[in-house]
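Data first, discussion second: the structure below is written as structure tokens.
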């Protein structure tokens, strides 16, 4: 008897669970998707606390520190825990004219937690100069360069933190714009059908059949030189969203088309619900999870679009910092061969793209009530 | 001459289960019956009672994660010069060449959905020719002639043209006929028809049933007819097996089962057929409740939660067994035989 | 059947027209007209060109007339094979492009063929052996393929090629053939260099197609006609290949339509990284130099390639899917 009781209890739980609750239960089963979600969250923590995680001003150039290789942190000093790095001195090799760097084991620079560094506003409003780690009181040349420096002597780690903020928010803004356009046009297309539907469908087909990168390049090349970083930032999100909405619109339209035939929509119609109420109370809630999944899956494409454009020098321009801007310095074999650590900004691009893909996949499966 | 008393197919205590992540589903749980040449065995029950899985088990094509866990399926094969030999299908590998030489050649299947049971991108002729040449040594030309012959045999008009038609160009009834022609392509001795008329309208249903009957008269094959429709059984079957939740609850000659039905489930099924004698404008009796979820099988007799004659303390504690109540008439119900002494 | 083809043709022509308009907009986007830019460039290089020359150029391109006249003027030029003048190269756009258009087509075609050749068998394997180790491995590689943008892959491979094999994997020709006229040896050299960039460009498309094929085939494997064929005694292998794979090929073929823009897009940026003699690096150079007739022409050519390719794939789909041939589905 007791056993039967618990079964009906768990059934009861399933019957009364909301859609989001059901989705979460199903999502939890996808281990990879859950791990991916943690990765994505971690990236957005970096977005929030980019300056805190950086330790030198990402735009400070330092002529004595061009293309310095990564500098390892040593955690123990004579058996006791005291994180430090060796100070590095550079000189020019007279035969190859390359700068070579040599670590000096006698000059240990202590790495401190919550060290003072350049001033910034945490979360945009808390004025502080504390950073997670840092070397206090060091000269600009004798400091910490976890991932080395770029060809202007700027610290790659600090730049990468700030770049993460730019690249990941650009993806979100572009998706938000695409979502508005996609839900609106896809909804109109699917709900009204007929001539409006045909026009929007042809528009989508046309937009999708044009190769995106050349088109983006053409548009981005026209951004005036004198535009500010912010203006270009938003111009790029708009350019990306102009193509990005089509996928979401298709998804929304498909859902509308299938839902229109559903009995509960007919029932709501017969019960005298207004169109607005049918759409917002009955139809959208039943496919919002699909839209969330589709939007998640389209974020990586947006991030990649910005990265590609900036990499080609047509997107964000210095002093803006994004992953693509950083990768601009590795355009050819020579650069890759001489300073391979500059490729490090490719790592977050790949990781975050994969994470969004896995997460979106999990969401899509979880959103489908008929899936296995 | 082969002894007509010997069944062409006997199924003994067949158990087929599906091993899913959520638990084990016992789709068929101890079914036994026999099929004779020239006769039609009807298997009847509500949807989900294991009828189709029984058919797939006989053909050895139970899809993963399901498999036959127990029981025997014996097929009597002709070995030439009037001799015959029993082959245990359950001991053959599902994809062994011997099993494949039986599938389609000795036992053929007409599946329940005429809309999707034929490949949408191959012509009817292509599919029939492909099936025929699997088991018979025929040239393309001969196979194509055979296909035309079969299509006109099953009553498709202008069969010469129909072999070049795609399934979506035919109506549901014609498609079902084409499917029967496909099943007949290797002259099987046992035809399993799984809900062959469910998706069709009533007049077409009658035509297809007539077709099956006349085909049986012509070539003397055995038919195993799976349906949820008691009316179809009454019209077609010689023997009836009534299944509920993977178990046979009643079995016997059609007249006996219809005339002197014993099991409360059979009785309820029969009551739910509209009859010419029933009072107009009175609702037909229905069976209360629904089939329980297969993960949640009731203990004891699986029918007890819905049974009008349930005996508390008996039916929900003990599992009844199929036992004889008369000439060839078997029932699995405690109303007709004693409760076992040992309590579990 | 003809109605279907006609509908597709009308859509293709309409798309083609949109592409020319978009290309023209791109030409017009930078501030000032192109003669201003030309003048600025010439004065930077201190060449002496008379004011009359600029005036005649302005008249030639109808720069003093309304926008639609300029567009019509440009289009009539395009139809007679005159795509305008590249001011960066001071040659006609067509001369600058040379055989780069052909190279782009060869590279894209190579990428598509490789994509298909890899995706089809793997997709079938993954569906038939669902949840096997091989399926997991391919799914994982597929995810990587989807996740790693092609130009980053090109960079990484370039780095690996340099450190491990001490060789430059860029380019489509060995140095000795670079400037040679076409010969049998040069073709062989091209075929030798082609697969790597083609795989890089095709990788994400391959990953996507594997997913499409796997999902389609899994759907088809559950269809009753598979049971019918199985019950007829077909062996599993020939059954799968004859029926469900054949049916699943239809949506697979239709993916060419979106694969093509994808691959041409990818070829632009990968060509820049690997320094391939295709339209990509030329487009980038012309955009940076604001050489707009060249840039607009290249965008138009890339657009036209996809439109034509998509139309051909529609015809292919019609040819292989009887349901479309007989107008049973839209």
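A, B and C are the chain letters, set down in written order, and residue numbers restart from 1 in every chain.
Here is the rule we go by: a contact is a pair of C-beta atoms (placed from the backbone, for glycine too) under 8 Å apart; a residue touches a chain by one contact, two chains touch by 3 or more.
The chain lineup, named per UniProt: C = ABC transporter permease.
Source: prediction; values computed, not measured.
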Arrangement of touching chains [line / ring / star / complete / other]: line
Comparison of B-C and A-C (more C-beta pairs in contact): A-C
Rounded Å distance between chain B and chain C (ABC transporter permease), as computed from the means of their C-alpha atoms: 54
Centre-of-Cα separation between chain C (ABC transporter permease) and chain A, whole angstrom: 26
Chain C (ABC transporter permease) residues touching chain A - in the complex, by the definition given at the top: 11, 14-15, 18-19, 22-23, 26, 29-31, 143-144, 146-149, 151-152, 155-156, 158-159, 162-163, 168, 170, 257-258, 261-262, 264-266, 268-269, 272-273, 275, 283-284, 287-288, 290, 295-296, 298-299, 302-303, 306-307, 310
Residues of chain C (ABC transporter permease) defined as touching chain B within the complex: 223-225, 227-236, 242-243, 246-247, 250, 320-323, 326, 328
Residue ranges of chain B touching chain C (ABC transporter permease) (in the complex, touch as defined): 56, 59, 61, 95, 100-105, 107-109, 111-113, 116-122, 127, 130-131, 134-135, 166, 168-169, 179, 182-183, 185-186
Parts of chain A lying in touch with chain C (ABC transporter permease), wherever the complex brings them together: 202, 205-206, 208-215, 217-219, 221-222, 224, 300, 304, 307-308, 311-314, 327, 330-333, 336-337, 340, 343, 346, 349-350, 353-354, 357-358
